[in-house]
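A, B and C are the chain letters, set down in written order, and residue numbers restart from 1 in every chain.
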Amino acid sequence: MGIRHFIDFNDISREQWTALSKLTGEIITSPGDFADCCRGKTLATLFYEPSTRTMLSFQTAMLKMGGNYIGFDNPGNSSVAKGESLRDTVRIVGCYADIIAMRHPREGAAYAASLFSTVPVINAGDGGHLHPTQTLADLTTMMKEKGRLDGLKIGVCGDLKYGRTVHSLLKALSLFKNNTFYLISTFGLAAPRYILEEIENSGNKYVECDSLEKYLGEFDCLYMTRIQKERFASEEEYERQKGVFVLDAAKMKKARKDLIVLHPLPKVDEISEEVDLDPRAFYFTQAKYGMYARMALIKTMLETPFDPPAPVYPSDSGIRCPNPRCITNSEKKLPPLFTESQDGVKICRYCDFRAKW
Amino acid sequence: MGIRHFIDFNDISREQWTALSKLTGEIITSPGDFADCCRGKTLATLFYEPSTRTMLSFQTAMLKMGGNYIGFDNPGNSSVAKGESLRDTVRIVGCYADIIAMRHPREGAAYAASLFSTVPVINAGDGGHLHPTQTLADLTTMMKEKGRLDGLKIGVCGDLKYGRTVHSLLKALSLFKNNTFYLISTFGLAAPRYILEEIENSGNKYVECDSLEKYLGEFDCLYMTRIQKERFASEEEYERQKGVFVLDAAKMKKARKDLIVLHPLPKVDEISEEVDLDPRAFYFTQAKYGMYARMALIKTMLETPFDPPAPVYPSDSGIRCPNPRCITNSEKKLPPLFTESQDGVKICRYCDFRAKW
Amino acid sequence: MGIRHFIDFNDISREQWTALSKLTGEIITSPGDFADCCRGKTLATLFYEPSTRTMLSFQTAMLKMGGNYIGFDNPGNSSVAKGESLRDTVRIVGCYADIIAMRHPREGAAYAASLFSTVPVINAGDGGHLHPTQTLADLTTMMKEKGRLDGLKIGVCGDLKYGRTVHSLLKALSLFKNNTFYLISTFGLAAPRYILEEIENSGNKYVECDSLEKYLGEFDCLYMTRIQKERFASEEEYERQKGVFVLDAAKMKKARKDLIVLHPLPKVDEISEEVDLDPRAFYFTQAKYGMYARMALIKTMLETPFDPPAPVYPSDSGIRCPNPRCITNSEKKLPPLFTESQDGVKICRYCDFRAKW
């Protein structure tokens, strides 16, 4: 029932989520009861690209349980600059730390690390692929504030095409029942086909629309996201679209009294600053709950028996994942791993890239 | 009597200073008595520009009381690069830490942070504006080594025009009585008019002179400062003036036996290295006392009831502080705040810039 | 019998090594017994150039004894950028920390720091000169896995000309008896003359050869090293030589069953990845032992009475070490110090540069 590695939110079972959620609730209620439960334990925060808030959240989580941390947040300063492989770095850090939280610009990097690690690995973000502890923060907040993850009407607004946190959230909520998702975006940034299929297959419902106001009055929860400037083809494209779906006080008047507004943060212009004062704004609370959820996760993983089998280092078969952002295309000597679906689509085990060939 | 935020040394009362000074003295005498007083508490060191010594001093202060720290010291690595506002950063860090020490290149940044923070904020330097914990270090050293802050003859040498620490020190000592300040600088780097007025108005005295030796034999305390290369109009100007007011062994022979020499550090060439061995050189002791003073400050602030009212987020009135280095001119949506003096001068509440318009 | 500073492995006596080695063994056996022995103590990691693994190893060592750490790893962020001298930095950090581990790009930097420091200094690498805690890691692994440091047949392969860790290892093992060193390199990267003389003078033996396989079947220990790209005159030269001495599974078949393979890490291509799975591969264990050895070192140094005499700051005599990488040629006002051998060779006390003049 424990958790060995935490790479993809969907790797954990419904029972594991329930246990994690219960523990998170206990920590939120009585954080002091957990002040010493990780005494003498060390978390390594290996941040191959900077993400200050996520890093501070993990470090605080460890400190609040009496543990401590080591790590780096500056890729140019790491041994990587001397050509060290990811797997060697992970093996060495495993000599120092009891658990690793890794952020990496390459898709599939955390999974690759977990193949070779002698200690548990948490994915703290692997490129545009996954960020499962953000999903933990999101679900924890919904669970705590709405009391359930079933039968909710959830607006999701912003960049639904590239938004990693949105994809993870929709996939995670598809594990539950009777939810309706209102997918609010411009045409160019609509949710990808495979996400819509996953919602359908799960028996939940979705509605696509291009207006934030249209269904706003029905939502139990509104999940706002940033439109990342770097995702746009041009500066003009960015300027034209960025302001389209802004949540402000006027729109909030049309929303229900028990709405909760979430945001993975950092936010830029998509939420007007006056909304911060609205009691329905829960994004700062969400950041706090995210830290508590990370406490529960770290505690659970450190208590899970971890008797690593001798790591397997398959040699290079020469096959390559077609995704240029996949970790297997920058790290040498990583074994290519694919699963094949019934209709002949190969799915990369690292980055989930799907292709026929 | 507690301290809620610590932005400007002159914000604290004479009574608060007395309490802080007394506590600092107790810590210096028996640091071991305080080894656990911040157990389980977290300090966030948010350094938007690097200042290694100041950061290490704050972190050590927290560690010596059994607390711990999180933070960043690399602006490029922070969420700021993604466009996050100062107030969002402060709100989020307030979810993780119990107290914030902030260094920022913009004038007024720490005050701006205190407007939105749900935890106490310490100004660890805001551009060329204020650096009040350096003033704590300075006064603590004078108090500890001279036994009083009244009736002293104090030489202040170096860049008196731009020197932030000098301005803070002179303003702080003006709260006490019967001090005489010897303001030693070249003509181009003399103390600004408003500082001289503040000394006069307080009933203390000052003497301006352009020689370090002239009154050296009378000083109880000599406060040396660095002439910052970046303050000069040109490389030539710097080379011509930098060596003019150097303290060396020869000059020290003319000084009193009970003189104490202070310096905010880092020093470059303004004190000859042989002076380091003179028992009257107190600048390293001053660095140590600064750390103890920060312990007293953090402890006091953590014990001060802090029940934040709902933060007020006024909308932008469109008025702007004319000071280009003011935080209100780089952060969007910061409420402009001015006080107006009797003669119609507007004073910016963030950066203290004064102008008539 | 204690250790005051740890700058050069050869500064410590045979008795000091024996005590350190014994303590390291005790820590490896029962790390929990040492979980609180440095409670309340602070290590400063001053890394003037990045070296992630070494820094994490030191920090972990301190944490595992209940202590804590402060420090920097980013030269651009340090006060050095403001022109602060190494000796001022060390004096100030000595106000905060109980012990310093320093990494610096300049040869002799740690020795220079030890001249002025009021707390013990550990050399964590000074340019291409020394890296004595790596040598501790190496000897600890040999001692633990082979049971002795005498009478061993040790292959040393790679860049023997510039390899700092190899030089330190050979010098250290020369303090013991009846060892035979097989020095395996290309002609251009052979071990320097003075190292060979030191081995000869100690009564140990060496064999130079340009084949990894030739004597492989005889080795008790094989010490592999990376050929640092930056040591080569050109990209072509690097490409031509880098692959010559690669250890792979085929070669491992010719080696003894009780061989241990060591490597200071990071490794790049000089060991094939399949060797990682060979039970004779001990380089990750070596990294772990290195951390334990640092624990023993820090504990020993913190327990050594350290009553600093007033530091001596001799003035500049104007003589300069001819080595452009010597710390005395970048730091102003460092006293030149030389010893002179019988045949008139001057040896710089900082960087060990030898010249007649």
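The rule is simple: a contact is a pair of C-beta atoms (placed from the backbone, for glycine too) under 8 Å apart; a residue touches a chain by one contact, two chains touch by 3 or more.
Bear in mind the structure is a predicted one, so any value in this text is a computation, not a measurement.
Novice: Give me the superposition rotation angle from chain A to chain C, based on Cα atoms, as a multiple of 5 degrees.
Specialist: 120
Novice: Would you mind working out whether chain B and chain C touch using mostly the same residue numbers, over half shared, or mostly different ones?
Specialist: At the contact between chain B and chain C, which are copies of one sequence, the residues are largely different (under half shared).
Novice: Would you kindly tell me how far, in whole Å, the mean C-alpha position of chain C lies from that of chain B?
Specialist: 41
Novice: Which chain C residues reach two or more other chains?
Specialist: If we look for residues of chain C contacting two or more partner chains, we find 68, 74.
Novice: For a test of understanding, state which residues of chain C touch chain A in their complex under the given definition.
Specialist: 35, 50-53, 56-57, 59-60, 63-64, 68, 73-74, 226, 229, 265-268, 273-274, 276-277, 284, 287-288, 291
Novice: Once bound in the complex, which stretches of chain B touch chain A?
Specialist: The touching residues are 40, 42, 44, 68, 70-72, 74, 76-79, 81-84, 88-89, 91-93, 95-97, 310-311, 313, 315, 333.
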